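Lettered A, B, C and D in written order, each chain numbered from 1.
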Amino acid sequence: MAKVKSLAELKAMREKLSNNLDIREKSNDPDSLVQIKVAMATCGIAAGAKQVMEHMMEKADELKLSIVFTQTGCMGYCHAEPTIEVKCPGKDPIVFGHVDNTRADEILTKYVMNNEMVEGVIPVNYETIG
Amino acid sequence: MHVLVCGGTGCQASASAQIIENFQRILAEKGLQDEVQVVRTGCFGFCEKGPIVKIMPDNTFYTQVKPEDVEKIINEHIIKGRKVTDLLYLDPENKEHVSDSKHMGFYRKQLRIALRNCGFINPENIDECISRGGYEALGKCLTEMTPQQVIDEVTKSGLRGRGGAGFPTGVKWGLCAKNKCDEMYVICNADEGDPGAFMDRSIMEGDPHSIVEAMAICGYAIGASHGLVYIRAEYPLAIHRLQIAIAQAREYGLLGDDILGSGFNFDIELRYGAGAFVCGEETALIHSMEGKRGEPTLKPPFPAVSGYMAKPSNVNNVETFANVPIIITKGADWFASIGSEKSKGTKVFALAGQINNVGLIEVPMGTTLRDIIYEIGGGIKGGRQFKAVQTGGPSGGCLTEKHLDTAIDYESLAAAGSMMGSGGMVVMDETSCMPAIAKFYLEFTCEESCGKCSPCRIGNKRMLEILTKITRGEGTMDDLQELRNLAAVIKDTALCGLGQTSPNPVLSTLDNFWDEYVEHVVDKKCRAGVCKKLMSYEIDKEKCIGCGKCAKNCPGDAISKTDYIAPGHKLPSMVIDSTKCIKCGACIAGCKFGAISVK
Amino acid sequence: MAVIKLSESKINFIKNVCKEHGNKAGEVINVLHKVQGEYGYLPAEIQELVAKELGIPVSRVYGIVSFYSFFTMTPKGEHPISVCLGTACYVRGAEKVLDELKRQLGIGVGEVTPDGKFSLNCLRCVGACGLAPVIEVGEKVYGRMTPDRVKDVLAEYK
Amino acid sequence: MINVTIDNKQIQVPEGTTILKAARMAGIHIPTLCYFELAGMKFENKPGGCRVCVVEVVKDFNGRPRRNLAPACATDCVEGMEVLTHSARVINARRTVVELILSDHPTDCLTCAKSGNCELQSLAQYLGIRDIPFKGEQSHYRQDMSPSIVRDMDKCVMCRRCENMCNNVQTVGALSAINRGFSAVVAPAFEQDLVDSPCVMCGQCVQVCPVGALTEVDDTRNVMAAINNPKKTVIVNTAPATRVALGEEFGMPAGTIVTGQMTAALRRLGFDYVFDTDFAADLTIMEEGTELLGRIKRYMEGDKSVRLPILTSCCPGWVNFFEHNFPDMLDVPSTAKSPMQMFGAVAKNYWAEKMGIKREDLVVVSIMPCLAKKYESKRKEFYKDGNPDIDYVLTTRELARLIKQFNLNLKDMPSEDYDDPLGESTGAAVIFGATGGVIEAATRTAYEVFTGKPLPKIDFTELRGIEGIRDAWVDFDGTPIHIGIAHGLSNARKLLERVREGKEQFHAIEVMACPGGCVGGAGQPYHHGNSEIIKKRTEAIYREDAGKPIRKSHENPSIKKIYEEYFGEPCGHKSHELLHTHYFDKSEHVEISED
């Protein structure tokens, strides 16, 4: 990676990166690309977020789902760890709490594949400055 | 169509299970079970108005739904498409029914500035950070602003130290910048020691780049090229992510020499704390980084004059730094528009204790405790009675019902006998005994006192001993007086912030829960049932059927048969020998007849 | 002549760590972190060698080791148990969990079971307040602990 | 200059003056406990820990009152500051703080070695404390008794003076604050005994301890038992620095010379013979001076194996220090024993033989300004058949206590002379008691021996002074000799490191462990930080020298006689046997073990 040499370059980079992320999300196969973020802060991990993420990745492979998994920091819902955010194309992201392997399977097979609601939805309760 | 029924503890307690059952039954009766799906969700965080039912996709939000309301919702809303107005949320301000959750006050209570990227980006990927505008503030400072302008901007924003004391950040930077020197340090205090606080940890785990960026900005502003993060060794994940962030920033040239072609050099190293709460005090922290015992020294000299390695140093807390980049990009005026008159912006709290929605929250300064506890926190666990909320950790105090409508900021919390502290907020219900809570905090302070000054080393120990006496029922009214005197002298004479604030939990509980202390001392009673020495277990001989299970469970052979057979029972009732009872509670746990109680 | 007796591997490891830190006195805490990370504890001989390598009195090293709660001079058990006594855990009953652990293990805080299997310690806040009360066994965190669960948790390691 | 108002008194003080110092300038007494300053010796202890000196700042730099009380010792005055040192708030706080300290302090003043000299005791009196309202746990530690120092940490008030002294002034590093909170205390690593630590027994920690936590080992009972034993012949020798300090214990001004009265008092105590360590000091000069000249000659003749500079070895604290810290340089110091050990060797061999007293029936007592001397007397190499050359060492303070117990007042004593022959000494021997004195005495003799000419001037004032490290070139009739002097072990360390790194070359270096040399020794009357006292003692030492009829060691008739009768020549066979010693490596070594 070459070093960023100026603010202009940084701004151009931001454009490109957010476009890239967008493209990655929307281009070639807009219907099947799903993004899942797993809250991986200490308390998420303590509650088993890692295992759940691994499990979901395996399960997604098994189900031949193309899903982008990313880890992220604390979403703030410590009472409901592990928490994950699922963003299906064209829809608002939904946060699920208390996700264990069983519920993870459910989220994949019901919500992601068939758009059926599953238990454990947490409403987003804050506004973020972006 | 989806019917979401809150399955959180609070709502469950108020019959959400029955509501779900009713929905399923009535929908099935009407043959709608395939069209309408009933889902039990996690807590909506709005337990005060529970049980909550949400109809998707139109996002209608019904509050305080009773099982008998279900039929009406199905008939009116699901079948006829008409909202059931009287079940809609009533906006307390304009008394209008609000149906859409996005427009409800509750959801606007939280505002994430410091946590803006937490839970949003992958903290281990700098690209995601940059795509969210990361490092642009640094770029702006380096290319468009002079160091003085940066300081002025931060000063103008009204940002104050989030570590607890609330010193204006811009002013602090300005003081340090005055002492220009070839070797200066920017220090990030990430030694979050308050038990029950995890804001800083979450920020470092979720958005480490904002800390890296802010430290570089600070370095530019004050003229330092060295950054040091003093971080708790107990936070391995935060350490790991910070290390990654620093390495990535170096790789991108956002740390190192000649950052963004500006000629400004800055780099960051990590230093590890080793478990000493007092190292949150900036002089102690500096000594610890120098490889010494973390003992504070008197200020002045302030670190801005003589800090790390006797060089001018600026110490800020993680959350303080996390606010800096966005102040630069969005402007001081924008930041200053949020919050209360003297406290600008937001504050992150680690909401914990006997509350439904334990979690990390960020609210504008000036939000009331009531909003935080009941609306964001979802109220008290198990529907029990609120008793107190502790802010500021071992340096803070316990606030009560009467403080719930206080708009929280640095001044109001201090005026109420507590303090902002780093942001621990622990909610307590009637099962917490306040003298025992004061004792808990003092135990902590005693354990964490560095031992350098006599008021803290010996004074806190003596206060703890008096509190121990009180919780054992051996206290006297004179002891209560002595506690107050001692607390006042320790506050007045201790060397550092830890010692000076250590009496706060005692003073605030004495002020707000005097009756409870008097009960312990005079009546030898602990109403919360926490102080074992003050408890006695008794068997109601009328309720006891004489099954003897309690006697079997008792590890101390304290329970035996009496001669008395209660009317309607066949076996003689049992009795507890209080001299043998160790108050373990095994008898109560085993009694199915509710015959045993704690007095 | 005072003698510091240590195995060759330990001597080499410690000397290397000190060297990595430039044998600088100011690095003593970082060095101790690494050495304790390797051996689990910091017995007197190790502190003496660290002091010698960094050119500082061993009293200063001990002054540091005895100051910071993270450092310990007693070896930990095979499965070190840490009970969080942060406020959130405390108000949710961590003390009862601790009492039960003490009872079942038959040891006090800071002690190791005679078979060397478990050691018991307290710490202040692991930052998992959402799961309070919390205990750690080795690296694994057990949330929402109750005295009843203690037996099952211990059984996992027996 | 800045203007401050203390207790309504307006004064001007230089910038950087603390409230405490400003108050002292204004004649206002603020009580202190942890604060300690040895002016001119670069030692100031102000951790701001005890909080006894707290004062109320009613007007701070910003025109507003300060929220908390401020420690006067560590708070600088600022322009316009207004301070109250004795307001009701201050007195209540001060009193409570002292009550708290007392609540964790044994109240065994009746039997405490520090009683009467204890700063905490004085404070309690000053504040009129009659009861300790706080009852609670008290700290308990194992008592540690080394040959020199008793550590009773139950009495420690965490003033940190000892720690500061041990680490910064002496760079010995035996003591550190350990643990934290209520358990915090000052101790050697792992709370091991001092004898197992790098402690050099200089005892400066004892000299500065405000309470009875650190005191000297008391040998007065043993000495009285020996005197009471009719079978024993008990003789005593008195070190140079004791005669200029003992008077202070009897209310005489610092720097009063009490040599004759001390001798008389010692006779009244029942010592059979009263001798002078100064005699042995002259002997030391003969041996050490000869050794120095020998090395210089060999060096000038081209022998590159010779170790220069020669280091003096009279100070047992210093000997311990280089054994611990400079094991690679053990062959550098002079092998000459200290004057005291030379005295012991001469007394128990030459003199005992001459008097027909059996070694085991002869008890040799030393009166020393020093605590390390107690340790030195117990070194195994100074024993013969289980019997030590020096049986007991009493400090100046212990001697004062004995004299008082005998209902004697030094002021009323007649002036008496030492006994012969081990009582005759020169001015060169007396100056051993001050920093630079040993090397000046050696120079006086070495010059005349080396050049064969009489000294043009006897006072080498260039070797005197109070600077921590000094050096001077002395012209030995055309041969320039470079002499270094250090007192205080941090200075010794600095100088030695310079030598070790080859940055500077010396022919001879004198080192004294204690600030000011033996006059500032740990066994001397407590100076409580008043460095004027040390200066006065030093001046007295040089006055005593100037008043002596003979001022060069080699001119001492008794010394000449002992060489004729017994030793033959300096550094000869017999003197090697009795007057020289060797050193041990006490540093830490790493050894590979199994496992």
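Quick note on the criterion: contacts are C-beta pairs under 8 Å (C-beta built on N, C-alpha and C of every residue); 3 or more make two chains touch, one makes a residue touch a chain.
Quick caveat, the model's predicted, so the values are computed rather than measured.
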{"item": "Third chains touching both chain D and chain B", "value": "C"}
{"item": "Per-chain Cα centre nearest the global Cα centre, belonging to chain", "value": "C"}
{"item": "Chain whose Cα centroid lies at the greatest distance from that of chain B", "value": "D"}
{"item": "Rounded Å distance, chain A centre to chain D centre (Cα mean)", "value": "73"}
{"item": "Intercentroid distance (Cα basis), chain D paired with chain C, Å", "value": "43"}
{"item": "Inter-chain centre distance, chain A versus chain B - centres from mean C-alpha coordinates, in Å", "value": "26"}
{"item": "Computed distance of Cα centres, chain C from chain A, in Å", "value": "36"}
{"item": "Multi-partner residues of chain B (each touching 2 or more other chains)", "value": "198, 201-202, 235, 276, 293, 352, 358-359, 447, 450"}
{"item": "Chain A: positions in contact with at least two other chains", "value": "42-43, 45, 77-80"}
{"item": "Where chain D touches two or more other chains at once, by residue number", "value": "177, 179-180"}
{"item": "Pairwise chain contacts, counting only pairs that touch as defined", "value": "A-B, A-C, B-C, B-D, C-D"}
{"item": "Chain A to chain C touching residues, read off their complex", "value": "42-43, 45-47, 77-81"}
{"item": "List of chain A residues in touch with chain B within their complex", "value": "1, 3-7, 9-11, 13-14, 17-18, 20-21, 37, 39-43, 45, 70-80, 85, 96-98, 116-130"}
{"item": "Chain A partner contacts - residues on chain C that touch it in the complex", "value": "126-131, 134, 141, 143"}
{"item": "Interface residues, chain B side, partner chain A - complex", "value": "2, 4, 7, 37, 39-45, 54, 56, 101, 106-113, 115-125, 127-128, 130-133, 135-136, 139-140, 142-144, 198, 201-203, 205-207, 235, 237-238, 251-254, 256, 260-261, 326, 330, 352, 356-362, 376"}
{"item": "Residues of chain D defined as touching chain B within the complex", "value": "47-51, 54, 68-69, 71, 74-76, 89, 92-93, 96-97, 100-101, 103-104, 133-134, 136-137, 157-158, 177, 179-184"}
